[in-house]
Amino acid sequence: METIVFSLLNGVIYGLLLFMLSSGLTLIFSMMGVLNFAHASFYMLGAYFAYTISDASSFWLALVFAPILVGLVGAAVERWGLRTVHVNGHVAELLFTFGLAYLIDEVVKIIWGRNAVDYQIPELLDFPLFELFGAQYPAYRIFTLFVALAMLVALWFILNRTRAGLIIQAALSHPHMVGHLGHNVPRIFMTVFGVGCALAGLAGVIGGNYLVTDPAMAVQMGPIVFVVVVVGGLGSLMGAFLAAMLLGLLQTFAVAIDANFADMFGWLGLSPTSEVGRISIASLAPMIPFLMLVLILMVRPRGLLGDREL
Amino acid sequence: MTTPALSITDLRKSFGPAKIIQGVNLEIEKGERHAIIGPNGAGKSTLFNLISGGYHPTSGSIRLNGTEIGGTKPYLINRMGLSRSFQVSNIFANMSVRENVRCGVLYSMGYGYSFWRNVGNLKEVQRKTAEILEKVDLLDKANLPAALLPYADQRTLEIAITIAGGAEVILLDEPTAGMSHSETERAVALIKQATEGKTLVIVEHDMGVVFNMADRISVLVYGEIIATGAPSEIRGDPRVREAYLGDEADALENGDAA
Amino acid sequence: MSDQTMQDFKNLAPSNSQKFTQRLLPLVVFAVVVLMIPMFNPSSLVLTLLNVMGINIVFALSYNMLLGRGGLLSFGHAVYFGLGGYAAVHAMRMIEEASYGDGGFWASYPVFFLPVIGFACGALAGAVIGWPSCRRAGTPFAMISLGVAELIAAAGFMFGSIFGGEEGISGDRMNGPELFGLSLGPISEVYWFIAFWTIVGTFCIYAFTRTPLGKMSEATRDNPERVEFVGYDPQRVRYLVFIFAGGFAGLAGGMAAVQYEIFTPEAVSLAPSGMVLLMAYIGGIRYFAGPIVGAVVLTYMQSMMSDYSEAWLLYLGILFMVVVMFAPGGLAGIVAGLINGMRAEDRNERIGRWLTVSAGGLLAFAGLIVLIEVAVRWSNGYGEVFEPFGMHLPTASALTWALILIPIAAGVGLLRLAMKRKEEGHA
C-alpha cells in the first residue's frame, strides 16, 4: 500500500515533468516536422541557466528568466541554423539537431564542468510537506506538481482561448495550411521553436534540482522525449500527456517492484539461478520506454491519439 | 468471346462519407484504346488508383484478364502485366534517364531482387533499355540526370518507365498535361507507336488527344459512367453534352478538329 | 533494327576506358596504397591507427548502404557492428578452447576468417531486427532504429554470458591454424589481416551498388511509390539492403574483434552509432568514396586530436554542423565540386570565390580555436594558459579577445561577401 501510494505520487510527478519536457517538442514536431534531437539539450540548458541565476540571485528569478533565455537561444537556433537546412528536407533537419545536441553537450561541459553542479532546491521549499506511512514527503515535489499543472492550464488556455493559439492548433493538424492564411510562416516557426524550447527550459529549471544537473542529463532524457512524442502521436498534446503519464507511472512502478523474472515466470519452469531468471523487474525500467516506442511504431504508427502517421 | 483485358463490375469507393466511385461497370477488350473523360473531380484518378492497386475498393470487382485484382498490392498487379503512369511526373530524380528506364525493365526480365549479378553485364536488360529509349526518342539524353530533363521530356520518361516492363495493359494518367501544342502532338504519336498492339486506358483532358487516339470512350461523371461508346457516339450523346458545360462542351464539339 | 539497337545500346553504357578510370582504377589505387604502406616501416602506433581506419572504412561504407544509397537514417547501426564483433570474439574463444582441447571444427577454423562469422551474425541480426524496422523509411525508421539500439544497449549489461558485463569479453587471436604465414601476433601482421578485409569489404560493397538490388535500393530511396509500380516491393528492397548493411557492419566488427581482442557492451551503445553517422555524413553520403574519406579523417581526428585538445568532440560537432548546413555533399562533395569547377567555363570566378570562402572559413575557424582553447583551460581551472606560437593568452587579456573577435568578424565578413557574390552571379 505504502509503495503504491508513493509510486503513484512520484510517477505522476515524473510523468508531469516528462510532459513539460515533451509538450514543446510535440508542438515543434507537429507544426514543423522537425523531430528535434536537441530538445533535451534545451532542457539541460534550462537547468544550468537556472543554477547560475539562482546562484547569483534567487530561484524565483531563475524560474522566470531561465526559460525565457532558453527560448531565445532556441529562436536563434531556428533563425540562423534550422532555416538554412530546411530546404534540404527532414533528414537534414534531424541531422542538424543531432549535431546541435553534440555541440550543446560539449559547450555545457566547458562552461559548467564535467561533474554535476550543486543546483539546490530553494530554502523556502526545502522542508517535508507531510508525512505518509511514517515517511516524509518533500514539499518541492508537490511544488513541481503545481508548476507542471499551472503550465498545463496555461498551455490549454493559450491554445483554446487566444487567437495565436487557434492558429497554432490549425497548424498542428494542417501544417501546410498556415501559409495560405497569409501568416508569416518563418516567423511562426521561429516563435513555435522558441516557445517549445522555453517549455523544455522550464522543465529543466524544475527538473534540474528535483533530479540532478549534470552534462549527461540531456543524453539520458533525449530519447525518452522522443518516445513520449511518438507514442503520444503527431499533432496531439493530449496524446503526449497520456504517454508521459503512462511512462512516468510504468517506470516508477517498475522500479518499486521487488521481483525478478523467476518470481514471475517460475511457473513456466524458469529457475531463479538462471541468467534470465535473475533479471529483476526494476532493472527493466529503463527499457520500458523503448519497448513502447518500438511496439507503437510497429502496431500503431500514428501513436495513441495522433491524427496522422509519422 | 475472349476474356476482356480489364473488366470492372459494380466498383465502389468511399472515403468516409464521400462516395467517389459509385458503381462503375466497364469492359475493355484486349488491344483496345480506351479513353476515360469527365469533368474535374469526377473520380478519374481514383478509378486509376483502384485499378492499379493504390486504393482498396469499398466493394465491387476488378479483373485483369479474368483474374480478380481488387485490393491487390501494386507491385503484384504490375507483375501480372498492368502498368501505369502518373499525372505528376513520378520519376527517380537522382538517377540518370537510362537508369530510370532500367528500373522499369529489371523485374520483367527476371532479375528481381538479385544481388549476385552486375547490371553492367546484363546484355538483354541493356538492349531492352536502349530499345525503349529509342522508341520514346530519349536516346541522346540517356546519360543525363532525370531531374535535369525539361518538363516535356520528364513526361516522356514517365511513359517510358511505364511501358518498359512490357505490360500488356497500360494506364496513362493525363500523359500530355501541361504540354505545348507541338509537344502534345509529338507525345501522341509516341504513345501510339509505343503501345502498338497493347491495351491502353488513358485519362485525358485534351479532347483532341482523346478523339484522335481512342477506339472507345467512357464518360465518368460523379463517380458513375454515364456513357461508353465509339467517339462518334459519345459526341452525339445528349447526356454527355449535359455533363459538360461551357468551354468544355465546345472542346467536345471541336474535338476532331484538333 | 536490332543491329542498330545493338550499336546504340553499346554507346549508352560508359566505354571500357571510362569504366576503367571511374570504377576499377580508384579501387586499384586504393589497394596499391594499402599494400605499399608497410614499405615505409610505420611505427606500431601508426599501424594501430591504420588498422582502426580500415575497420571504420568498412563500418562507414556499410552504414552508407543505408543512409546514402537507401535513404534510411539509422541511429543504431553499431548494434550490428557490436553483435558481429561479439560473435567473432566468442568464436575466437572457441578456437582457443578447441585447439588446446579436443579439436573439432573450431580447432581448424583460422582466426583470419573471423570476419566471416561477424558478417553472418550481423546479417542475422539485421534479418531479425530489420523485419519490423523496414516497413517505412524516414522518421519511423530512424525512431525504431533508436529504440532498438537503446534496447540492445540495455540488454548488453543484462546478459553477462553473452556480453561479459562491464569488462566485456576478451580472447586471444594467436590460436588456431595460421593462414598466409601470419601468426597475427605483432601488429604489423594484423595490418595485413585488416588490409585484406578492408579491400574485400570495400570491393563487395561497391559490387553491391552495381547489382539489380543495389540499383533498386537507390530507386526506392528516390521514390518508393514509383518502385511499387515497376514490380518491386519497397519494404522487401529495404529489408534485403538492411540485412546486407548489417552483415558488412558485422564484418567490420569481426575485424575489430581480431584487432582489439576484446569487446565491451559500449560497442553496441549509441555513441559508436552516432560516430559512424558522423563519419559517413562528413565524408559525403552521395559519393561511394565519401564514407572512406570520412572514416579516415575522423579516425585520425579521434586518435590524434584527442591528444592535442580536450575539446576535440566540440571541433567534431562544429565540423558536422558546418557540413550539414553548408556542404551537404560532405568532404567528397567539396572535392568533387573543386574538380568539376576547374573544368567549368567560369573557372576564374569560381577560384576567386573559393579563395574568399577558404580565407573566410580559416579566419573564423582560427578565432574559434582561440576561443575554445582559452575556454577549455579556463574551465579546467588549473591556471593553465593557452600558448600558441609562443604567445601568451590568458582569459583576461585584451590580446586574447582581439585574437578571438577580429578573426571571427573578418572571417564571417568574407564568407558573407562570397555568398553575396554567388547570388549576384546567379542573378
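Residue numbering begins at 1 within each chain, and the chains themselves are lettered A, B and C in the order written.
Simple rule for what comes next: a residue touches a chain if its C-beta (ideal position, glycine included) is under 8 Å from a C-beta of that chain, and two chains touch if they have at least 3 such contacts.
The structure displayed is predicted, hence computed values, not measured ones.
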{"item": "Chain whose Cα centroid lies at the greatest distance from that of chain A", "value": "B"}
{"item": "Innermost chain, taking as reference the mean of every protein Cα atom displayed", "value": "C"}
{"item": "Gap in Å, rounded to a whole number, between the CA centres of chain B and chain A", "value": "50"}
{"item": "Chain B and chain C: spacing of chain centres that average the CA atoms, whole Å", "value": "44"}
{"item": "Chain A-chain C separation of Cα centroids, rounded to whole Å", "value": "32"}
{"item": "Multi-partner residues of chain C (each touching 2 or more other chains)", "value": "none"}
{"item": "Of all residues in chain A, the ones touching two or more other chains", "value": "none"}
{"item": "Residue numbers of chain B (touch at least two other chains)", "value": "none"}
{"item": "Complex contacts: residues of chain B adjacent to chain C", "value": "52-53, 73-75, 78-79, 83-84, 86, 90-95, 98-99, 102-104, 106-108, 111-120, 122, 126-127, 129-131, 133-134, 139, 142-143, 161-162, 164-165"}
{"item": "Contact footprint of chain A on chain C as seen in their complex", "value": "71, 73, 132, 135-136, 138-140, 142-144, 146-148, 150-151, 154-155, 158-161, 270, 274, 277, 281, 311, 313-314, 316-318, 320-321, 324-326, 328, 372, 375-376, 379"}
{"item": "Residue numbers on chain A that touch chain C, as the complex places them", "value": "35, 81, 84-85, 88, 90-92, 94-96, 98-100, 102-103, 105-107, 109-111, 113, 219, 223, 226-227, 230, 275, 279, 283, 286-287, 289-291, 293-294, 297-298, 301, 309-310"}
{"item": "Chain C residues touching chain B - in the complex, by the definition given at the top", "value": "5-6, 8-9, 12-13, 19, 207-208, 210-216, 218-219, 221-223, 225-233, 236-237, 240, 244"}
